[in-house]
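Just so it is clear, A, B, C and D label the chains in written order, and each chain counts residues from 1 on its own.
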Amino acid sequence: MSQFQKKSYISRLEYLSPDIVRITLDSPEIARIAQPGQFVMVKTGNGKDPLLRRPFSISQVSNDRYFQILFKVVGRGTSLLAHCREGENLSVLGPLGSGFQVDCTGSHCLVGGGIGIAPLLFLAKQLSRICTGNPPLVVLGARTGEELEPLINDFKELGLSVHAATDDGSLGHHGFVIDVLKGLQLAADATTYVCGPHPMMLAVHLLCKAKNIACQVSMETHMACGMGACLGCIVPVEKGGYAHACFEGPVFDAEELLWEVK
Amino acid sequence: MGSEIKNVDLAVSIGPLRLKNPVMTASGTFGYAKEFEPYLNLHKLGAVVVKGISLEPRPGNPPPRIIETPCGMLNAIGLENVGVERFITEKMKLLTGISVPVVVNILGDTVAEYQEIAERLADVDDIAAIEVNISCPNVKKGGVAFGTLPELATAVTNAVKKHSRVPVIVKLSPNVTDISLIARAVEDGGADAVSLINTLIGMAIDHKSRKPVLANVIGGLSGPAIKPVALRMVYQVAQSVSVPVIGIGGIESAEDVLEFMLAGATAVQIGTANFVNPRAAEETVEGLAEYVYENKLGSLREMIGALVLS
Amino acid sequence: MGSEIKNVDLAVSIGPLRLKNPVMTASGTFGYAKEFEPYLNLHKLGAVVVKGISLEPRPGNPPPRIIETPCGMLNAIGLENVGVERFITEKMKLLTGISVPVVVNILGDTVAEYQEIAERLADVDDIAAIEVNISCPNVKKGGVAFGTLPELATAVTNAVKKHSRVPVIVKLSPNVTDISLIARAVEDGGADAVSLINTLIGMAIDHKSRKPVLANVIGGLSGPAIKPVALRMVYQVAQSVSVPVIGIGGIESAEDVLEFMLAGATAVQIGTANFVNPRAAEETVEGLAEYVYENKLGSLREMIGALVLS
Amino acid sequence: MSQFQKKSYISRLEYLSPDIVRITLDSPEIARIAQPGQFVMVKTGNGKDPLLRRPFSISQVSNDRYFQILFKVVGRGTSLLAHCREGENLSVLGPLGSGFQVDCTGSHCLVGGGIGIAPLLFLAKQLSRICTGNPPLVVLGARTGEELEPLINDFKELGLSVHAATDDGSLGHHGFVIDVLKGLQLAADATTYVCGPHPMMLAVHLLCKAKNIACQVSMETHMACGMGACLGCIVPVEKGGYAHACFEGPVFDAEELLWEVK
């Protein structure tokens, strides 16, 4: 495993909406080895408060040099991060965790909800690049069109057609991602890759289970270290006990997890 | 670092155990050390202390286990660990050959359990010392009683000491009225050193869900927030016992280490800071070397207990 | 604020004392209240608690008396105060007519001294309650013993209670192994309520001068850093006594108050936050009113002890 | 007493040297009533760390609308402040404390050392404006010319001639302010106003005492609140006990203080 703790230069900071921010970091060490589904731990301020780093999925890499994170402002850490400026440095630890397991022999379905869409873009690019089969099915949802639109655009630029769903019906299907997914024809050899709110992931998992389709989910947990030292980031697993999201995940085979407990 | 700085004398002794510098890592915050190999040179550290080991494996507490608090964090890991058998067969193998002294932190529900773990570890090579956690606040049966009652503290220390071939460090709980009393009790029990502090018992509530944030309801507070309490307790204990004191609590930098040494600590452990900066321990060693060099100290040991009271 | 928000029910009762809302200010952090008149409407607050009063005037400790720590501060004011006589003749005059209940915080070296202060204050009008500080960590003779020994805690409470016409609140020290034990002891002594926590004992060292930062060497830690410890202790004590609990420690906002109330506090005190934001107490009251309004609570009292354990 | 807690707009932020910063704040409420020697308490960051406000003397007011603080970066709070940007707001409490006592019938001598020069500029302006007598004597010192020069300029612009002293001799007298002061002719009716390092203030106090000249000093202490609530900011006084720098000072008659203890 190679991991780096790097002062990374902010080469771009964009507000995709009032509370969704994309930061492009100049960090060849991370960009070169990152895999879709992996994440970085970012120090959001210089002081002792907030104390801990925050985890963010790698949402895109480019030119073996840059990588992006895409985040929603939900609290103090993300708010500090949103107030950084281009040209400043961020302390970044990564790439961390084990990402999505891609097998090009099958077909692919990407399902994302809200800011959980972030890691799926990197995955979509990777699939387009290394797998020659059909382009992946993409189903993305959010509460409103205003929230969803900026998250969808990059997929469209990849030439992928996106099935959209919004809670308020302002973009695409009026309702949940899972409803859209139910209406789609999923091949028996498909793998579903899911990232989003817990109830959404559970619903997709149950659907896939019923259809006997593979399903990989990216789990969010409270993380103090992101690198296996604190044992804080657990998710209950089917066979009993817990798995650690930061090094055994964050991407898990949905079947391995114990979904009842939360 | 220039070679003059490299050659400064940072060595300290914890009883019979000689460390090349006073910077250790704290139990439960440094995994089994291997996790940190991508970030630092383990052999630059004074010692590493591994995650607490119990007789039987423990799954630990359900999630959430951690939450950030102002300048600190609460944890209720619940002493998740593989148990002493798998520790010996699996983890010690990884630790052998990392060329840094390995301290094994142990915990138990009964004096007999502590003793049994000590016995099992006595056969194992490459253990530099045993650190006895008599203070874990996370697990109901995890030792609160031992760390708060002098008699029990003496008894546990005694049981472990009798069955160990290596120095025994007893790790004290800060959640007591008079920590010096407990420190003296474990000294009486034969402890070769004391380490302090473990976490302060705390709690966090989410007013939106109206629930405790931690599944375990209460947890252990660590990080910079607790440093003033840790420093005070180290100062008190250093004046109460004659065995070496290992300072723990909110240490992040060489300056913090100097403060703890002035208060009377012979060595220190870095805990929560490892999460924020996995290079913290090594950078702290470098900072201490620079300090000794720039201030032309004969040895870093000159700082131990050198607090000036006017 | 709209008039609907103004009319929400925030009232709470501390024994026989009815407060229009649960937000009090903490002793030693709000002067004699007058200091805050340029910043807020005193009569918006639930109550104000004045700086601790002793029998004789005390000059307090030499400087430095305060130092910032991570998300907190240490103080060793040393209970500087004008003594009970001048308090009555000078300070109470200023306090009369500010139209907010005034709680007088008292301290002594002996049970007799506490009693004597209580006797003197019994003749004074416009005192809403007496808060007995049995926990001050700053002055060697200032009460550490009272707050850590159940028998002494009972005795002091008893002595003050017997000679007071107003409700007696006993303020507990967090520097103990089992705070519930002390809480029950003062309840036995006749306390009408308990308030907690006072400051945690801490220390700061300046590695450059190699001296303690505070002239008094040790001091009391307050501020957001200690909130998790305070919340845990309030939760413990609320389950151990039947008198109302007043939560103190790192409270800065309405959200913090809600957390303490969920843990079982009937009222709260704001301390260090007054220094950072002299409007903190009033803004907190406003925040609570908004919360009650937005969440359509019949009364803020619904939050007391309403923690959901799953 | 009128005091305000105000979000004040940063209308200008200037680096006078690598570690000396001047911030101009748009705050009519404070600017209108501020007196020389008074100070403000400034929140240096948004978070809980650093927790407490920091005290800074008011170094100048203009147009009944703006006031300035002039500070040296010495720690975390001042470093955060130096990284603010024009257009942002600062939370400012003030004006606080009791300032210099000016009596126009006598003559005046201003003595400043290092960043302690800050409040003296405001005083010099006030003296020039309200007292018609001789212009004040001004004696200013610092470690180096690089440090002293930016602090002196404003006095020169007022048309005052400044007696300079630097520890390294790079500007003005090579040595201490006190040496310069000893060489000057101080009128019997003079008042000396001093702000600077403690040893300097003590030396000036002793000189004035020997010459039987009034001496006012501005004391720096650790302050948590700046407004009389914490009792942290004490200085020992001659008659026994302590005075509180934030409301009984920060400016004191030097004779009232107990100089031996520190």
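FYI, a contact is a pair of C-beta atoms (placed from the backbone, for glycine too) under 8 Å apart; a residue touches a chain by one contact, two chains touch by 3 or more.
On a predicted model such as this, the values are computed, not experimentally measured, just so you know.
In terms of the distance between Cα centroids, chain C is separated most widely from A. Pairs C-D and B-D differ in how many C-beta pairs touch across them, and the larger number is found at C-D. Averaging Cα coordinates per chain places chain C and chain D 36 Å apart. Averaged C-alpha coordinates give centres for chain A and chain D that are 54 Å from one another. In terms of their C-alpha centroids, the spacing between chain B and chain D amounts to 47 Å.
Taken residue by residue, chain B touches two or more other chains at 70-72, 223-224, whereas all remaining positions touch fewer. Counting partner chains per residue, chain D shows two or more touched chains at residues 48-50. A complete topology is adopted by the chain contact network, contact being made between every pair of chains. Residue ranges of chain C in contact with chain D, taken from their complex: 28-31, 35-36, 38-39, 51, 59-60, 62-68, 70-73, 75, 77, 80, 223-224, 252, 272, 274-279. Contacts from chain D toward chain B in the complex involve residues 48-49. Interface residues of chain B facing chain C in the complex, by the touch rule stated above, are 69-72, 74, 148, 175-178, 200-205, 207, 209-212, 217-219, 221, 223-229, 231-232, 235, 250, 255, 258-259, 262-263, 306-310. Remark: chain C residues 70-71 touch chain A in the complex.
Within the complex formed with chain C, the residues of chain D that make contact are 1-5, 43, 48-53, 93, 221-225, 227-232, 234-236, 240-242, 261.
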